[in-house]
Every structure is written in structure tokens, then in C-alpha cells.
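Listed next: structures, encoded as C-alpha cells.
Here come two complexes built around chain A, the first alongside chain B, the second alongside chain C.
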Partner chain A sequence: MAIEVRIPTILRSYTGGQKSVECSGATLEELFADLDGRYEGLRERLVDDSGVRRFVNVYLNDEDVRFLGGLSASVRDGDTVTVLPAVAGGAR
Partner chain B sequence: MLTISAELRAKILAHARADHPDEACGVIAGPAGGNRPERFIPMLNAERSPTFYRFDSLEQLRVWREMDDRGEEPVVIYHSHTATEAYPSRTDISYASEPGAHYVLVSTREPDLEEFRSFRILDGEVTEEDVTVAPE
Partner chain C sequence: MRYESLLDSVGGTPLVGLPRLSPSPEVRLWAKLEDRNPTGSVKDRAAAYMVEAAEKDGLLHPGSVILEPTSGNTGISLALVARLRGYQLICVLPENTSAERRMLLEAYGASIVSSPAAGGSNEAVRVAKSLAAENPGWVMLYQYGNEANARAHYETTGPELLADLPEITHFVAGLGTTGTLMGTGRFLAEHVPGVQIVAAEPRYGELVYGLRNLSEGFVPELYDESVLTSRFSVSSGDALRRTRELLSEEGMFAGISSGCVLHAALGLAAKAQAAGQRADIAMIIADAGWKYLSTGAYAGTLAEAEARLEGQLWA
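Moving on, here comes the complex of A and B:
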């Protein structure tokens, strides 16, 4: 089972500079566990106690996983998961 | 140092004025590794707030994919403060996640004053940099 996970610039230090890695899992939760097994510490940058971190955007193909059940979203062979840190900020 | 054309600088300031009193935000893309801002991409502030901004998540995906396809990267990430100075706040610093970008801050707190400043934000540290406005 091969699911491509696209890694943003700021997290490529965890993957030895690779911008795209291959992982497996039936759900996003399993996928991230697999990802962490291969690239230790990466999961913690993506997930906290309540699920996907609030200012990390995770996409399954063209959709934001917030609308697909977050970590419980099903993933399939050939899917692409993209991670992008949210661009945010402000005076507050 | 940020080198930017007068035209692009004016576009950022105009965007900020147009969205005041909400914060305005956007990207200027340029060829990867070139450190030259070229393509102006104003973004929706999904928060529509006078004190916070956030790119709409699907718009961000589209823009980031497009930059990737075109061999570009985000050279400038800009946003405006509407009642405070054009300096990165604690929130700006904690969410800065493009280590190669020039973070441009403008302030629209004074209607007759242009405040346009640029910063690098790396590992939680802010360094202000000079802005050179290049002739056309």
C-alpha cells in the first residue's frame, strides 16, 4: 500500500530533506503512526491530544481532512496526503 | 534585505488599505532560490478580523501547488496590522512557518502614514531587514 505524503519545507529536517515520502495505513491516524515510525518526532508536529494540530492543514487529495473526520479519515492506495502549516498571525 | 519593485510595494499597501479595518494578507511568489518577488497573490483572510489573519486552507493548497508547478516559492508573505505597529507580534512569530520568506508587515493605523517593513523570522527569532525599492 503506497500513500504519498507531501512534506512542507519546515518539516523536511525530519525526513532528511525529502519533500515527499511514502507511507501506509488505512486511516490518517495509522498513516501518521507509520510516518512517525520512519521519521521519529514528525507526528508530534502534526498531532496533539485533540487530533490534527489547529494550525496545521492536512489535505487528503484535494480536501481538508477537517471535513473528512480528521485522524479517522480513511486513506487508500494511491491517495496523496499533503501537509501545510497554516499561514496565520495578526496583531493579537 | 528585501528587494521589491515599487509596483509590488504599492499593491501590498493598496490591499491593506482596501481591507482596513480587517487585516489583509497575501503572498508574492518568485522563482525558487531566486529571492526575487515577482507574482502578486492577494489571499482571502479567512478570519476576516481586525486582529488576526489566516489563509483559507483550500486556497492555500491551490496556491502552494501552483507555486510548486511553476518552480516558485513564497518569497514574500505579507499582512497588515490595523491598529498597531508594523512589527511581528508574538502570534506572527509563533506561526511563521516558511523559513525562506520575507515577512512584510504594513500598518494601516494612520490613514496618511505608510508603514512598510520587512523581517526574517527563523526559529522564533525576528530580524528586521532593509527594504530596497527597485526601479521598474
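Moving on, here comes the complex of A and C:
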């Protein structure tokens, strides 16, 4: 099973500089556990007791996972999970 | 239509169908043309409301200095209001925004303080907040947290949409300060059971996300996640492609955030069609393409245009 997880620049120190890694899991929760198993400490930067951390956004196939059930969102082979820091956005 | 002055003509924008881009007569896309505002963007609504609220609160007097972190449209809108109401305006603008924005701001008489490209609007907000702290007499309206921003949409954009499209099923807009989605979304949810409120968020190049650490992240104070039904991240490539489609298919010369919004809207349309459901999807065209011509978004190949947008705050 291969799910691509895209890592923002600021967290690539955990992945040895890789901007994209492959993980597996049936849910986001499992995926992050797998991610943490391969890149220790990374999960804690993304997730806290209440779910995805406040200043982190996680997208499953470009949709914010907070609207897909958060960590219980199902993931499938071929999905892409993108992690990005929350920013103020552009042209306002 | 007749107005006493330019500021009275804010809002009341047309809702235009997109027959060529709509998948079927049962699944229809509609565009609300916010470029038909005095300075050419949806921000004219928020700027008018924020200034009026500040005046009512006694914060502004003739000659007052207004300070605002803005990468363009809000600054331009505020520049008009400031000019006509007798205030001075200072904008904190990230370096990596298009030339036309600076030119317009200066033409209206605003002063510009540049903030570094890396960290984009987060950095502009930080610089503005520290300037405001150093100059207590200045008034920072702060579009990211000012309830008048969202209220402008609750009181104008939402009701206009409902009047023009009572059969609305989805509302899609760009997510920035979140004012448009929060205000319009709250209004529509109160009046249209089951309406979907969908955010289209630009995904920028890596430079823009160049924070020193994750706690430097930023979530606008106006943002209330419960108002949204879903939120999509849209790449510059997809936004550009859709912006060009708006022009080639519907003759609509829109800014790049509109391409971002169209991409999300088309995704919703496809879902509705696949489910055999009718849909009337209203999207916000925040501005026209004039300020983006120098980015090369409308010329050359898509790949060339995408490369040029790398590192830019394109929406």
C-alpha cells in the first residue's frame, strides 16, 4: 500500500531532507503512526491531544482533513496527503 | 442606476451564469462579479464597513493614519475610502506581489512599507502589528480579525446572493482573511437549509511557507471552522488553468484567485453530477485580471506561467 505524504520544508529535517515519503495505513491515524515509525518524532509535530495541531493543515487529496473526520479519515492506496503550515494567505 | 457618490455604489454586483463551464442544465455554475466594485475587488465591501465601524467607534478623525497589512486589494480599497474620507493610509505589503498593486496604491496616495517575501502575509501582519505598537495613534483596522469585515458580507454579499439565487446549493469563495466565507456563509446557512459553504485556498510555492517554526503559523482571528462544509487546497497550476478557462470559455477576464475558486467549484459540480443531484453553485470572482497581467498568467504556456508564479503571492 502506498500513500504519498508531502512534507513541508520546515519538517524535512525529520525525513532526511525528503519532501515526499511513502507510508501506509487505513486511516490518517494509522498513517501518522507509520510515519512516526519511520521518522521518529514527526507525528508529535503534526498532532496533539485534540487532533491536528492548530497551525498545521493536513490535506487528503487536496481537501482539509478537518472536514473529512480528522484523524479518523480513511485513506487508500494512491491517495496523497499534504502537510502545510497555516499561513495568512495572499492577496488581501 | 444612480448613486450620490462612488462609495455609495459598493456592492450590488451581478450574478452571471457560466453556461459553457456548467456540466448540465441541472448542475449550474454562477459567478458573482466582485470586480464590479469601485476599486475593482470584493474588498471594497470590507473596507467600507471597517472604516465606517471605526468612525462610529470614534477611532478615526480627519487626518488620522490608517495602517494595514495587505498584499493588495484591501489596501487599494482602503486607499479609496481614506482618500475620500480624509485619512492617510500606510500599507505593509510583502515584496513578492505584483507591480500593479504598488502602482495603484501609490496612485491613490497610500504609503507602502515592504515586508520580506519569505513568510508572505504572515510576515506583513507581524511587521504591521509591531508598527502599530510603536505608533499608538495609528489605527490598524486589521482585516484578519475585524468583525466588520465578515459583517459586510453577512449584510450585503449574502442577501444579494439569496435574492438572485434562492435555489443556491453551494457557495464557493477564496479563503484569505476568511471574511467573505464567514459572513456570507453564516447568512446563507441561516436561510438555506443544507447549503454547502466551501473554501478554496491557494497553495503557494515553498517560499511562502518558509516559517522558522510551526508555531509561527497563522490562523485569522475571524476564522470559525464550523461555518465551512469543506476546504480545498488548490495549486497554482490548477488555478492558472482554470483562470484561462474562464477567459477562453466564458469570456471572463478574472484574477487568479477566481481560477482557484473555479477549480473547487468544478470539483463540486462533478460530484453533484455523479450523484445525480441538481446543484446551483455560486462562486465569487474576487477581482479581474488587470493586476495580474505582469505575472504572465495569461500569456505563454501554462508551464511557463506556473514557473513565473513560483514564490509569488498570486491570490
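The rule is simple: the second predicted complex is superposed on the first by the 87 of 92 C-alpha atoms of A that agree within 3 Å, B and C clash if a C-alpha of one lies under 4 Å from a C-alpha of the other, contacts with A are read in each partner's own complex, and residues count from 1 in each chain.
In this section, a contact is a pair of C-beta atoms (placed from the backbone, for glycine too) under 8 Å apart; a residue touches a chain by one contact, two chains touch by 3 or more.
Here the structure is a predicted model, which is why all the values come from computation and not from measurement.
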item	value
Contacts of A:R54 with chain B and chain C, given as first, second, both or neither	second
Partner chain(s) touched by A:R45 [first = chain B, second = chain C, both, neither]	second
Which of chain B and chain C A:A2 touches, first, second, both or neither	neither
Of chain B and chain C, the chain that contacts the larger number of chain A residues	C
Chain A residues contacted in one complex by chain B, in the other by chain C	8-10, 55, 57, 59, 62, 64, 66, 82, 84-92
Residue numbers on chain A that touch chain C, as the complex places them	8-11, 45, 53-57, 59, 62-64, 66-67, 82, 84-92
Partner chain A, residues of chain B touching it in the complex	23, 25, 27, 43, 47, 49-55, 57-58, 60-61, 64, 77, 79, 81-84, 88-89, 91-92, 95-100
Complex contact set, residues of chain C against chain A	43, 69-74, 97, 101, 119-122, 124-125, 143-144, 175-177, 199, 201-204, 206, 208-220, 225, 228-234, 255, 257, 313-315
For the chain A and chain B complex, residues of the former touching the latter	8-10, 55, 57, 59, 62, 64, 66, 82, 84-92
